[in-house]
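Heads up, the next two complexes both have chain A, just with different partners, chain B and then chain C.
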Partner chain A sequence: MTYVRDVGALARKDLLLELRARDTLPAMLLFVAAIFVVFHFALPGTPSKLETTGFLWVAILFTALLGLGRAFVPEREQRTMDGLVLAPCDRSAIWLAKSLATLAFLAAAEVVALPLYALFFHGLGGAAVAAVILADLGICAVGTFLGAMAVVTRARDLLLPLLFLPLAMPIVVGAVGATVVDSPGRYLGFLALYDLLFAVVCWASFEYVVAE
Partner chain B sequence: MLTARRLGKRYGEKRVLRGIDLALPRGGFVVVTGPNGAGKTTLLRICAGLAQPTEGTIERQAARAQVGYLGHEPLVYRELTALENLELYGRLYRVPERRERIGMLLERFGLWEARHDRVASYSRGMTQRLALCRVLLHEPELLVLDEPYSALDEAGAELLDAQLAELRGERTCLLATHDPAHVRPLASGALALST
Partner chain C sequence: MGRTRIPLPALAVSSVVLVTTALAFVFFVAPNDQSLGFSQRIFYFHVSIAFAAYACFICGAWQALRHLWKRDPRADLASYVCVHQGLIFGTMVLITGSIWAKVAWGRWWIWSEDELVLFLVLYLFYCAYFMLRFSVDPGPQRANLSAVYALFGVVLIPVSFSAIRLARAYFHPQVFTLHGPNFGGWILVTYCMAQAAMLVLAYTLYRLEIGGKRLDVRLRRLREALA
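Presenting the complex of A and B:
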């Protein structure tokens, strides 16, 4: 119960910071909208559904990466990670709260991005929306974990994509699969399994990421 | 409360601390001095649990929740107000009667009027006062204070003097400073580091 309250307090702090500084969400929105506009004009003729599905996932993945790269910026710039690490709460709460905040930003960006995609290209079915939700969970869980690892290094802007993109490939494969096939059950199941597995791993090992 | 034996710390090839012995009994007040770069901050970070020694051992009879650490950085969010920052830490430290305690500290350190202002708009001294509020918020058993007087004006220093005198004997304190004469009346021990 105190764990839930810790996560709540930490996530609330991240939302409040975003509300004040507006560093992340506007950038994500602008980025994803710009990608769709560029794709729209860059693709000759009417691209098939199969092709645009690929672009949708490229857009989602890189928009997420933009948000993940900024997730720990307040902690880095103001060196407040020490304050959080010293607090008596379970350290995994720091990861969970940051993941939830990033998830909120990503979801907010997608609320705009998905209708935009439907407008420019093709409509999205229920399976595609389910795939987006499941993919978001995995992206934020893994990405936040790697973001915390990368933020203490000098080459953080290079390291995060380098670590994140390979680990996100199963998400892309599962999500594209779920979006294009007729019976997406297996792909959705795969995404859910990925989420569960990586969430548990990140949750259990975050302690070691923030230890000196 | 805190016992360090043959403590050493190196960053790569660089030896920062070597063979430090420290015994800080419950209720003790040890003042750490030394020139810039002597390793005061490094030692205090190890004592607070923020860093690990590379040699020797350190024993601390205080849980994480019982430690109050003041570093060179205020460890507060600049885009949040003083109140929001203390609310956050108050929740994380499970401070009972949080609102009252926060109000009392802000009042005492002269920040009550500015409680709804973002820390980004604070002066350095005000930020240091807020950092002190943060450290004292959960009434820690062990205070680890790294140059707590820095940036404080005369009134601020007096407030801190009074606060430390009040806690003297009750709480344990490890304090690094460049002005040991100022805290000498409170000190029970001293540790001089050299480069």
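Presenting the complex of A and C:
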């Protein structure tokens, strides 16, 4: 029970920070809108639904990367990471709380981005929304973990996309598959499996990322 | 530490002998493939190198686990060297696969070959491993980050593989089957020979590299002691 409370307190801190500073979310929203416009001009002619679906997932992935890159930056800038690690809670709670906060930002960005996509390109079905939810879980779980890794390196923000994109490939497969095929069950199941598998791995090994 | 290891010169000699024998088998003993002809022989090396690369990656993850579990400082170096060897073999997989794609399909890259695509993803993943490792100062933190990322790698291998298989359903409805060769007789012998040669070669290179790396560490310590 204390674990849940710890996670709640840590996540609330991140959300409060965002509410006051408004660093991440406006950037994500602006980015996703701008990238749709770029896509329109990058796709000659009248792009089919299949093509724009692929682009939607590229947009979601890159927007998520923008948020993930910022996730641990306040801790680094204000040198609060040591404090978090020393706090009397399980270290994995830090990862879980950060993932939840990033998930909240990503979901908020998508609440705007998906209708915008439907307006600009094509409408989305229920399976696509389910895929978005499942993919978000995986993106935030793995991405936050890798963000914590990248932030302690010299390369910092540069490293996160390099670490993240190979690991995100299965998410893209599951998500695009679920959006374009008629019976998306298999792909949604795959996404759920991915989420579960990597969440467990991240949860178990986060300790080693932050502690020496 | 206390284990007796095969001396490096013996390993080097046996890998030379094995690789030469495997080459001789591939070129002179194995029968020509009925549909792909002579060019199919590259497959003996392509597949055996791929398995050697997997073995390196899995070994690297195993050493990473040992590092995290037992805090064995030697395991970190061993894990790094394994991944390094895996990446070298992975490069060879991509090159041989590309040559084979050119001969078989007339193009240097073919997305419908699952194994090749998987290796491309793994290749990018493990290149990022090196970026990560060389972007952190040497010390326990670098060892931990590298170890955790190497562990992610072995989780990624089956996940990516199934993802690529799943992606087929919406990319390539027609399935390319590689004209299933009846895997027996000289084909099997040649393949096993090539596989043994590649595994021994990988192990020899691993021992060579880790020997050099350990010497570096000792030299640095001696210098620090003298300074």
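Going forward, the second predicted complex is superposed on the first by the 210 of 212 C-alpha atoms of A that agree within 3 Å, B and C clash if a C-alpha of one lies under 4 Å from a C-alpha of the other, contacts with A are read in each partner's own complex, and residues count from 1 in each chain.
The rule is simple: contacts are C-beta pairs under 8 Å (C-beta built on N, C-alpha and C of every residue); 3 or more make two chains touch, one makes a residue touch a chain.
None of the values given here were measured: they were computed from a predicted structure.
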I'd like to know which partner A:74 touches here: chain B for first, chain C for second, both or neither.
first
Superposition-derived comparison: chain B or chain C, residues of chain A touched
C
Examine A:149 and indicate which partner it touches, taking first as chain B and second as chain C; both and neither are also allowed.
second
Output check: A:2 vs chain B and chain C. Expected answer is one of first, second, both, neither. What do you get?
first
By the touch definition at the top of the document, which applies to A:83: first (chain B), second (chain C), both, or neither?
first
Identify the partner contact of A:16: answer first if only chain B is touched, second if only chain C is, both if each is, neither if none is.
first
Once the structures are superposed on A, label A:95 by its partner contacts, choosing first (chain B), second (chain C), both or neither.
neither
Identify the overlap between the chain B-contacting and the chain C-contacting residues of chain A.
211-212
Contacting residues of chain B [partner chain A, same complex]:
48-52, 63-65, 67, 69, 71, 73, 75-80, 84, 87-89, 91-94, 118, 134
Taking the touch rule as given, give the residues of chain A at its contact with chain B in the complex, in rising order.
2, 5-6, 9-10, 13, 16-17, 20-21, 74, 78-80, 82-89, 211-212
Report the residues of chain C in contact with chain A in the complex, numbered from low to high.
68, 121-122, 124-125, 127-128, 131-132, 135-137, 139-141, 144-145, 147-149, 151-152, 155-156, 159-160, 162-164, 166-167, 169-170
Complex interface listing, chain A residues touching chain C
149-150, 152-155, 159, 162-163, 165-167, 169-170, 173-174, 176-177, 180-181, 186-187, 190, 194, 197-198, 201, 205, 208-209, 211-212
